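Quick one: the structure is below, and I'll ask about it shortly.
A, B, C and D label the chains in the order they appear, each numbered from 1.
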Amino acid sequence: MGEKFEVGIDELFVVNVARTMRDRTTVFHGVSSPIPMVAMYYAKLTHAKDMVYFGGVSSAVDPNPPFFPPTTNDWVMIQGRTAMVTVDKIFDLAQRGELDRSFFSGAQIDKYGNQNVSMIGSPDRCKVKLPGGAGGCNLSGDCVNYTIWTTRHRAQKKGDRKFFTLVNKCDFVTNVGHVTPYGRREELDLVGNGPDWVVTELGVFDFDELTKTMRLRYLYPDTTVNDVLDSTEFEPIIHPNVGVMEMPTREEIEIIRRIDPLGIRKLEYPEQELARRFQI
Amino acid sequence: MGEKFEVGIDELFVVNVARTMRDRTTVFHGVSSPIPMVAMYYAKLTHAKDMVYFGGVSSAVDPNPPFFPPTTNDWVMIQGRTAMVTVDKIFDLAQRGELDRSFFSGAQIDKYGNQNVSMIGSPDRCKVKLPGGAGGCNLSGDCVNYTIWTTRHRAQKKGDRKFFTLVNKCDFVTNVGHVTPYGRREELDLVGNGPDWVVTELGVFDFDELTKTMRLRYLYPDTTVNDVLDSTEFEPIIHPNVGVMEMPTREEIEIIRRIDPLGIRKLEYPEQELARRFQI
Amino acid sequence: MGIYTERDKLVTMEEAASTIRDGDVVAIGGGLCMREPIAMLRELVRQGRRNLHIVGTAHGFDVDFACGGGIVGAVEETHVSFEQDFGLAPNYRRACETGQVRIKENCCNTVIMQLRASEFGVPFMPMRSIKGSDEIKLHPEFKSMIDPFTGKKIVLVPALTPDVAIIHAQKADIHGNLKILPPYVADVLFIRASKRVIVTAEEIVSEEEMIEDGPTIPYYETTAVVDAPFGAHPTSCYPYYAYDREHISEYMKSAKEGADAFKNRYLDKYVYGVKSAEKYLEKVGGNVKRERLASWKEGRERWMELFTYG
Amino acid sequence: MGIYTERDKLVTMEEAASTIRDGDVVAIGGGLCMREPIAMLRELVRQGRRNLHIVGTAHGFDVDFACGGGIVGAVEETHVSFEQDFGLAPNYRRACETGQVRIKENCCNTVIMQLRASEFGVPFMPMRSIKGSDEIKLHPEFKSMIDPFTGKKIVLVPALTPDVAIIHAQKADIHGNLKILPPYVADVLFIRASKRVIVTAEEIVSEEEMIEDGPTIPYYETTAVVDAPFGAHPTSCYPYYAYDREHISEYMKSAKEGADAFKNRYLDKYVYGVKSAEKYLEKVGGNVKRERLASWKEGRERWMELFTYG
C-alpha cells in the first residue's frame, strides 16, 4: 500500500491484450503467440472466469498449465484441462461464427488490419520467407472479432531509411482485415467482423466505424501521439479523447509473474523495449 | 463319419451368404440383418480370417460377440473387438470406394437388383410404410459390391392373386441396383459396381454381364428351376450350368450353431420354410 | 452449435421439455434399441407437444412411441423398426399411412453429411450416392451439379441443423460435460450440429470425477442437463441396463391393436399417470426389474436370457 | 485411405523409407516441436530422396530439417518456424528464398477441409474463409462459386490426398493398430486421407496390450510399422521425452550459418554417419540425455528446466 511497484512493458502489454477478451466468450490463440497465451490465461483467472479458453493447437479446453513453455504445442499446455478436443473442432466453431476471438500478428500490418505473415517480396521473388499464417487466413475471416498485436511497432532506422511494421501496403496479405485487396468483408461474404483492437508497444488502437481504419485510443505512460505517428507509415486516426491507458493493480501483475515464471511474455521484444518500466 | 447329419434352410442360407465374402476385404452389415450378422462372423471364423468385419451400426472392428442378439445395436456386438470406430467412418470408407461388401434386402426386388425398403404405394398414398433403407440408399451406390438376400422369394397366394417379392417393378426404389429409374450406374457416376449376388430361400443368383439382370446359378437340393420361375414375377436368366449348390460340412454347420445359440438366423422366415431339412 | 457457459445447467425434466416448442426439428439420440431418451419423450407426450419434425438415422422404440404419443408431424429418420425382434413399427406405420406424419425418409450417410455441414459451418456437402434412388423424391431441397474438379455428377445436400438434440448420456456433471460410452451412433454429430442440446443423464457426477474420466463432450456444447436415472428404459443404457424385452413385448401388443388400445393400455398406464422417475420404475417392475436388466454383467447365459423374455 | 490387412507389418526404417518415392506428396505427422517422425526424415536424407511435396499444418524442426537435408521440392504447410523459441526456420527460409523449394503455403483449416474431403471420399469441400487473402494466389486449384442455397460467395477446395503419411506414434502393434496420445494435431486426418500410412513407433507392444488399451487407429488404416525408439527426437514424444532444446540450439547454430555449415556440422555428425537408433542416441547424449528429457515427470521445476537448456 503506497509502496512503489514497478511494472514492465511486457506485463502491461499482456494486460492490454487481456482487456480485449470478455467473459462467457470463446477464445483461441494460434502458434508463435507467447503474449496471447499468457493474456488468455490471465483473463480466465481474473475478469473472464467463464471464458471458454482453447489453449492453442494442443486444443485442450480450459487448461491450467503449470507454466508457459516457449512453444504452443507441448504437453505443458494440456495440463489441468477440463477436456480435450481436436483442433479441427475449433476451426469448425469459427466457421459457424461461434469463435469470439483470436489473436494475430504480422511482419507487416496495414491501416485496415490486413497482415503479412508469409513473405517479404512476392511468391516469385521471395526476399524473406516468413513463417506463414498457420490458421490466420481462415480464422481472420471467420472469428467474430480478433485482436492484432505487435511488439515491433517502433520503426527501425537503418542508415537513412526507416523500416515500418505498420505499413501503407502489405507485400502479401495473409490474414484479412476490414478492406482486403479483393474487396471489403461484406462484399466477400466473410463470416466474421474482422479485427477490433490492435495492441502495440506504443499504443492501443481500435478501428473507425466509417473508414474501417486504425484509430489510436490509448497511449502508454511513456509514449506520445508523435511517437505513434513517427513509427506508422500510414496516418492513423487519432481518437479525440486519446489518453493514457488505465494501469493494472499490483495484484494483477503478480498473477502474470506467477503464471509465467519462464517469462515467455518477454520473448517478442527488441531488447531495448524491455527496459521500459512503469510505476504503479 | 458316415452318420447322417441334418441341416436346416437357415443354416444353408447363412453359408450361401458367407460364400459371397472374400478374405482380406472389408464388410459391413446394416440394421435388421440377422442372417448377414451370423454369416459375416462365420466367414471371419472360416475362409475369411483377415476380413475386416464391421459389426453393424455399433461399429466395432472385428467383434467376437458371445452370441447374436435380435438387434444390431447392442453392447453384445462390441464385445471382443479389436477397436471401435464411429459409424460415419464406415460410410467414409464406402464413399472412398473401399467398402468391399454390404448386405441388403427388400420387400420388393426387381430384376436389376433395385430394392424397395420404404413403402408399398407412393409417398402421397402410402399403403404400407416399410421401415426404410437405413444406410442402404448410400451404400448400395458406394459399396464395391453387395449381396442381396431375401427369405421371402416364394410367392404368396391369397385367393387367386399371387404376391411376389421379386417383382417387375418396385413401387419405390430405396437401394439402387444396376439399372435404376434414373439411368444405369455408369450414367449416374456412382462409386460402386452394384449387387453381384442374390441369395434367396429358393436359389442363388448372380447378374448377367450384358443385360445386368438376375441369373439363376444354384438351386437348393429341394428346389427346381420351375419353383424359381413360379415365384418370380419377372423372368430371370437361367445359367446354362445351373445346379445344386455345394453342401457345407458338418463342422461348418456346427460353427453356425455354436455362434448363434439364440437362433437369430431363423427370425426372417415364414414358419413353413424352417421345416426344410437337408442331409449331409 | 451454440456456446453454453453457465456453471449450473441442471433443470427438471418438466423444465427441459418445456423449452422444446411445437414444430421444432428434433434430433433424438441413440439408435434402434439403445440409449434413446425415452423419459424425455414421455414428458413431451405428457406436455402435449405437437408437430415435431424428427431427424436421425436408424431408430425404433423412440420414434414409434413419439408417433403413438401424437407429438410428431414429420419423420426424417432413415429407418424405424424393431428389426427382426418385433418387426415393423406399428405406431409409426399408422401415422405414415394415415397421413398424420409426413414421410421425409432419408439415408444414413446423407444425414451424416448434412449434420457434418452444420457442424462445420458450411452450407452443404457434395455427395456421389443418393443418385438413382427415389429417396431424392422426398428431398426436393437437394441440388445437383457437375463437379468442377472431375466433371462427374454430384448431389449437394444442405446443412441439417436441428433446433434441439435430446440425448441420453451415461454421465453428466452440472456444468454440462458429458461422458457417453460407445457406440455413439450419431449422438456426437447431433450435439455439434444442433442449436440446443438437452441431455438426460443416467447419473450426475461431480465435475472432478468427470474431468478425471475425460469428457466425451465438453461443457460448452450442452444447453441443459436433467438427472434421469432409468431414462432410456425400455431401450438399453449399458452398463446400467440392457433393453427390456418384456416391456417392449407388452408395448407391441397394444400398439399393434390400434391407436385407442395404445392410449388406453399403454399411454394411460405408463405416461399420463406416471410423472416421477420413481413411480415409473415402480410401474415397470421396480428394483426387481432393474436388477434383472443389470444382470447381463453376470455372464453369457444371463445376458442371453434377457433376449428371450417377453 | 487404403485397406491394409497384413498380419505382420513390421519393417525396418530402411525398408519403410525406400517405399517413399521422389516427388511423393508427403504428410508429416505431429506439429511444431511435438511428435514429428524425425528418425524417418533422417533415413530419407540418408537415402537421398528428392523433390518431396510436403503438406501439413504448423510445423517446425521436421520441415526445416528436411529442407536442409535436400529432400524437399515444395512445401504446402501453413507455418514453419521454431516459434518465439528460436524464431525463423533457417533451412526452410533459404530453400524458399533461393527457389530450391516451391512455396505452396496454405492455411490450417483449408488443409483440414481438404483432408476431410479426401477422408470422406468426396471431390471437394465448400468454404467461406480464404476469400480476401493472397493465399489464394498460391492455390490456383481452388475454385469459386455462388452457393446455390444461400446465394453467397464460396470457395471450393479440392480433396488433398497425400501419397503417404509418416506418423510417429507412441505405441503400435505389428498388425498396425496404433495408440496415439493427444494432441493429435492433424495425424488422424492424415492417416485417413493418405494413400499409404507409414508409422514409426516409440514402442512396439503386443496385440493383446494394444486391444486392452483401445487403439486410436485400427490396424487396417496402417501400411507399415517401424520400431523406432527415440524416433521423434529432438522433438518431444510425451510421456517418454520432452523436446531437446539443447540439441535444437546446436542445430540452429549451424543451420543459421549456411548450407555448408549445416551439412558439415550437423548432417555429417547426426545423419550420414549414424545409421542405427542406438548410435544416434549415443551421439545425442546417450542415456543421460534420455533420462534428462524424461525428467519432466518429476515435477514442475524439472519440467521448466528443460525449456531453459541450450
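Here, a residue touches a chain if its C-beta (ideal position, glycine included) is under 8 Å from a C-beta of that chain, and two chains touch if they have at least 3 such contacts.
On a predicted model such as this, the values are computed, not experimentally measured, just so you know.
Colleague: Within the chain touch network, how many edges lie on the shortest path between chain B and chain C?
Modeller: Contact-graph shortest path, chain B to chain C, evaluates to 1.
Colleague: Compute the distance, rounded to whole Å, between the mean C-alpha positions of chain C and chain D.
Modeller: 41
Colleague: Chain A to chain B: how many Å between their CA centres?
Modeller: Each chain reduced to its C-alpha mean, chain A and chain B end up 60 Å apart.
Colleague: At what distance in angstrom does the C-alpha mean of chain C lie from that of chain A?
Modeller: About 44 Å, centre to centre.
Colleague: So which stretches of chain A touch two or more other chains?
Modeller: Expected reply: 84, 94-95, 142, 191.
Colleague: So which bits of chain D are touching at least two other chains?
Modeller: Where chain D meets two or more other chains at a single residue, that happens at 116, 120-122, 127-128, 152, 154.
Colleague: Return all touching chain pairs.
Modeller: A-C, A-D, B-C, B-D, C-D
Colleague: For a test of understanding, state which residues of chain D touch chain C in their complex under the given definition.
Modeller: 113, 116, 120-128, 143, 145, 147-150, 152, 154, 156, 158
Colleague: Inside the complex, what are the residues of chain D that reach chain A?
Modeller: Touching chain A: residues 31-34, 57-58, 60, 77-85, 88-89, 92-93, 96-97, 103, 105, 107-110, 112, 116, 127-135, 137-138, 152-154, 182-186, 188-189, 236, 238-239, 242-243, 296, 300, 303-304, 307-308 of chain D.
Colleague: Taking the complex as given, what residues does chain C use to touch chain A?
Modeller: Those in contact with chain A are residues 1-3, 5, 7, 119-122, 177, 192, 211, 214-215, 217-220.
Colleague: Which of the residues in chain A come into contact with chain C in the complex?
Modeller: Those residues of chain A that touch chain C are 24-26, 50-52, 61, 81-85, 89, 92-98, 142, 191.
Colleague: If we count contacts the way the header does, which residues on chain B are in touch with chain C in the complex?
Modeller: Going by the criterion above, the answer is residues 30-32, 34, 57-60, 66-67, 69-76, 78, 84, 86-88, 91, 94-95, 118-119, 123, 126-142, 172-176, 180-183, 185, 188-191, 261-262, 264, 267-268.
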